[in-house]
Every structure is written in structure tokens, then in C-alpha cells.
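Input: a single structure, listed below in C-alpha cells.
Labels for the chains are A, B and C, by order of writing; each one numbers its residues from 1.
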Amino acid sequence: MELPVIITALALLQFTWFAMQVGSMRAKHGVKAPAMTGPPEFERMMRVQQNTMEQLVVFLPALWMHAYLVDPRWAAGIGAVFIIARFVYRAAYLKDPAGRSLGFSTGFIATAVLLVWTLVAATLNLV
Amino acid sequence: MELPVIITALALLQFTWFAMQVGSMRAKHGVKAPAMTGPPEFERMMRVQQNTMEQLVVFLPALWMHAYLVDPRWAAGIGAVFIIARFVYRAAYLKDPAGRSLGFSTGFIATAVLLVWTLVAATLNLV
Amino acid sequence: MELPVIITALALLQFTWFAMQVGSMRAKHGVKAPAMTGPPEFERMMRVQQNTMEQLVVFLPALWMHAYLVDPRWAAGIGAVFIIARFVYRAAYLKDPAGRSLGFSTGFIATAVLLVWTLVAATLNLV
């Protein structure tokens, strides 16, 4: 289970880096806590971080259920696609939120594949 | 462990569906990212999704600790109550946020039962 | 694995308590759902809860990967530091958001230690 562990740790480090960038934007633009609105640059980075958290809440359980029930190497490989997609999403969103579809969809599909594959495998095990 | 896997996958699909509905409301009402405020219909759906995420962060670990330490069938059964309660919560919140108590409380109690039951079982195992 | 279970359950109960306090502030100040802005006391408590959720999304997987791959007693001990740090963070933030650094940093470092330690251990296992 080392491969899913490494993918999970990398995804969490990526998310932590996103969160630190929100903190940097707060400092740079003088957006004092607890304010959640500010210049576009701050709000975009914050939405990148928030959306990544929403995705992680689905991605991580899907990754681990797949790793245990189906195959840890496939889980890690699809998980790597998720992480790359999140970098693409971040870069596009910061440039222009309207261009976030490609990175978002790729990560979304990676998670959906893990989740549906696992659900089918678990259901077949039961019947 | 197939039953808790299936319940987890269904809860995550439900959450994904809620998130997709937030996206639909964004498109319908022209609420462009990164804006997080807009017409009541949009803000209500967004709060349903956000609150469901907050609940999942507690529910999923509680479900799995219970499944491993206590009983996977009880975990799955109580988990099914959680999912149904979230549908009730969503329907009530979209109609009128003031009526969200029943769905909220039922899901909250399901999670609390899993969590406290697990905490008691773990503590008894230690002493 | 009883010790990491107990730490996880306590961290989730702490988060649940934070969430209930957001609900209390909503009632006290008449901030009706789905509004997310209001008097400083409400917004501060809400940010304490939201930030704790963001931390939990990283902390809980790091705790469990460490418990399985490295040592469950070390995981639980470092996890206890995280929980205490979150109480310090809450108290400081409610008094004055500018003073939140100590509690935040301590919890952040606890999570980072779990995460990096696990990543190193997993990588060493592979090579």
C-alpha cells in the first residue's frame, strides 16, 4: 500500500501549498481575517483551495476503497492524474476562472472512475 | 467490508450530485466564479453542499472506525439513515432554510451514534 | 489501533462542538441561513470552524497513514498535540484574529510531521 500512501501524501502537500498561497494573498493584499472577500487574485486562489478541498473529500475515500478492494497500483495511477489535473486547474483558474473546465473535468473524471469502479466491484462481490 | 464501501460510495455520489447542482445554479443565474453570493436559490444549494461536506468530514471516519471496531452491518445501516436524512435536509432547505432542522438533526444523530459508540468501544478495549 | 481511534473521535467531537457554536452564534445574532456574513463574533467562530475542517482533511489521513505505516502510539501522541493546538487557536481567534498564529502553527506542524514522516517511510519501503 506504499503507492496509494505516496499519492495521498502528495495530494495533501499540494492542498497545503494551495492553502499557504491563500495566506500569502491575504498578506499581500491586506485582506485581514476573518474576511473572505477581496481582490480577484485573492478570491480566485481561495476558490482554488476550497474547490480542491471539496474534491479531496471524495477523491481520498475513493482512492483508498479502490486500493483495498480493486488494485493499489491502478488507484495510485489514477490518483496521479488527479494531482496533475489540480495543478492545471489552479493555473487556469488564476489566469481566468472561465478557463477552469479542462483541469476541473480531468480531476473529476479521475475521481469518478475510482468511485464507480469501486462501487461496481463491491456490488459484484456481494451478489 | 462491502456494505460500508457501498454506503460510502453512495454518500459521495450524493455529495457529487449536490456539487453539480451548485454548478447548474451558477450557470442558470449567471453567478460567475469566484463569486459565492447570488440569488437565494443559488446560495441555498451552495449551503446544502457546504454543510454536507462538513457532515461528511465527521461521518466517513466515524462510519469506518465503527465498521472496523464494532460492526460493519450496523455501520452501514446507520450510514443509510445518514444518506436519507441528507436528501430530506436538501429538499427542506431549498424550500425554506428555516425548515432544515429535521433532516439536519437526523443525519447529525446518525453520525453521533457512530462516533460515540466507537469511542466507547475503543475505550473499553483499552481498559 | 485503539489510540488513533480515540484521537480521531476526540478531534471530530471538537470539530462538532465548533460547528455547534457557529449555530449558537447564528441564533444569538439573528444571522439567518444561508447568510455567511454577520457580526465579528459570528464570522470569527465560523472561520475557526472552517479552518479546522481544512486542517482535518489533511490531519486525519496523515494520522492514519502514520499509524499503519510507522507507529500508532506516535501518531496518537502527535494527534493529541493537534487537538490541543486547535483549542488554543480557537481561543486566540475569538479574542483577536491577529493572535491566531501560535495555535495555528502548532497544529500545522503536528500535521506536517505526520505527513512528511509517513511520506519518507513509504518511499524508503519502496526503494
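Assume a contact is a pair of C-beta atoms (placed from the backbone, for glycine too) under 8 Å apart; a residue touches a chain by one contact, two chains touch by 3 or more.
Source: prediction; values computed, not measured.
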After a C-alpha superposition of subunit B on subunit C, what does the rotation angle come to, in degrees rounded to the nearest 5?
120
Is it true that over half of the residue numbers where subunit A touches subunit C are used by both copies, so same, or is it different?
different
Averaged over CA atoms, how far is the centre of subunit A from the centre of subunit C? Could you give it in whole Å?
19
Multi-chain contacts only, two chains or more: what residues does subunit B have there?
36, 53, 57
Seen from subunit A, its contact residues with subunit C in the complex are 1-3, 5-6, 8-10, 12-13, 15-16, 19, 32-34, 36, 49, 53, 56-57, 60
Help me check something: in the complex, which residues belonging to subunit C touch subunit A?
36, 40, 43-44, 46-47, 53-54, 57-58, 61-62, 65, 68-69, 93, 97-98, 100, 112, 115, 118-119, 122-123, 125-126
